[in-house]
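Letters A, B, C and D name the chains as they come in the text, with residue numbers starting at 1 for each one.
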Amino acid sequence: MLEKHIKKAYNESTEGKRKGDKKTESEKIREYILSAKKITVPNWDGKKLESINRTLKKFGLPKAKGLKINTNAADLTRMPTITKALMAVDTTDSDLIIARGRLGVPGSGSMLVIMDHKGRILSAAISPPHIIHGKSLQEAVEEELKTALQRLGL
Amino acid sequence: MLEKHIKKAYNESTEGKRKGDKKTESEKIREYILSAKKITVPNWDGKKLESINRTLKKFGLPKAKGLKINTNAADLTRMPTITKALMAVDTTDSDLIIARGRLGVPGSGSMLVIMDHKGRILSAAISPPHIIHGKSLQEAVEEELKTALQRLGL
Amino acid sequence: MLEKHIKKAYNESTEGKRKGDKKTESEKIREYILSAKKITVPNWDGKKLESINRTLKKFGLPKAKGLKINTNAADLTRMPTITKALMAVDTTDSDLIIARGRLGVPGSGSMLVIMDHKGRILSAAISPPHIIHGKSLQEAVEEELKTALQRLGL
Amino acid sequence: MLEKHIKKAYNESTEGKRKGDKKTESEKIREYILSAKKITVPNWDGKKLESINRTLKKFGLPKAKGLKINTNAADLTRMPTITKALMAVDTTDSDLIIARGRLGVPGSGSMLVIMDHKGRILSAAISPPHIIHGKSLQEAVEEELKTALQRLGL
């Protein structure tokens, strides 16, 4: 579904004619997200999954399922959240993944990413380190997910 | 400089004892950024580099230099901004890289990333697609850089 | 198809019980490759595509199609061949990708990779820099593809 | 040291003038490897480290040190060996990293990679899954390291 639009954009970049994101491209991403049937959240405990599902419901999206996998392992990589999301891509047949974790090096704060079934990045949101913003984890997660969806026009 | 802290954090994750970012970790990142002598911005035209430098000055940081390299090529990858930043890591001896570009797939909006000399991610900020937020490019870039620095407590 | 096996292996690693690749895992990869219907080779000119197709035929695999995309861009990244293969994953609906290009930094020689439709790495082969081995490009490509398939037991 | 050569090669690719690896590029990689003072092997037990060191000695290279870190975590990522090598880049100040592990998905066999202090890939070698080649682990590792060094002309 996104393949055709990505190819076109790649060709524009090659020809030096690319001038930033296009309306139709963001629209296609929204369509992809809104048509998701199976959403997975790697390694989420009950409470956090509830926060995510509460937010998804507000946007008319189906409930996400948790994934039992050792996402701690992702914390030993350069981009823990991206690694965590890819774990879900590679071990499930979900069409949408929502992962949340550390942005980069220890101390760099957190990131939430929305990924498609092939591992392509559709949207994301970033928060300061918890020790700096002081919000509750649930509050932070809800806000990040809301931001990640709204910034695409959802 | 960051190696010791990263190793400690990795070991905590392995032992299941990790409880999020620590004050000293964010502090070490701040120290690294503040002690930067050579800052590079891959492929920035005069005006944008000025916006970046205006913001860097407010935070007491030295002027960044632009890097002439074909950063359009990064737009044909999964994470254009990360790819762009790594181009600067691999072709210069800078100790700090500030790159700005597309977050993920075409239509996904933009990202600004702050990277160290080895390609480790220190901070970042994300904006909606230009067609949605409607800000000028310069304004968006200044805001992103400010956000990326302030979220670490700078 | 591979999801279930990957998940199982991930769990074994987590529990410290993993003892290397299993027969059934390599078998599943072989099955995936042999059942491929649409094979894509990013940016291959006529002659090279012919070499690839000659080799694929010997293994009972369908003809691959070339993909017109600016794969030169991949040469400005850390792992050019992997980047090139991901370009095909992201812009087509192929179930198998065969990409060939540079392994790492300039001067590091070449790599051929076999990737599935999600960007997972199934097999690969590596050759010395051309200036060292002295083989013709076609000969090198045929040999690499043969090696990449045979090492899995095909 | 490699920065200047990488930049030049990137510019050639951009201008469409690149014709494969150059003698001087492979030479610069060899020089980098031969001048390494601190070599690290992430997570190697005594015996395997000995095999590596035996091979390094034959090439006139200094002894490598093992790194105690949970490299099992790398097995939950898309490119376990690359992830493992980056763990050593990010947690030590070594100038050369030699990592060995799984190539891609479970069942895909093994890879040995030689990485510089910034995470750039200098050389690599790939072996079939152990269950297919049947060699001892030590024998396989020694052969891979030898291949990875010799293919650059060392």
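Convention: contacts are C-beta pairs under 8 Å (C-beta built on N, C-alpha and C of every residue); 3 or more make two chains touch, one makes a residue touch a chain.
Just so we're clear, the structure is a prediction, and the values are computed from it rather than from any experiment.
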Farthest-lying chain, centroid of Cα atoms versus that of chain C: B
Between C-D and A-C, the pair with more C-beta contacts: C-D
Chain C and chain D, separation of their C-alpha mean positions in angstrom: 19
Chain B and chain C, separation of their C-alpha mean positions in angstrom: 32
Geometric centre distance via CA averages, chain C-chain A, whole Å: 28
Where chain B touches two or more other chains, by residue: 2, 6, 10, 13-14, 69-70, 72-73, 75-76, 78, 87, 90, 105, 119-120
Chain contact graph, described as a line, ring, star, complete graph or other shape: complete
Interface residues, chain D side, partner chain C - complex: 2, 5-6, 9-10, 13-14, 16, 18, 20-29, 72-73, 75-76, 78-79, 82, 102-109, 111, 116, 119-133, 150-153
Parts of chain D lying in touch with chain A, wherever the complex brings them together: 69-70, 72-78, 83, 86-87, 90, 105
Touch list for chain C against partner chain A, complex: 2-3, 6-7, 10-11, 13-14, 69-70, 73, 87, 89-93, 117-120
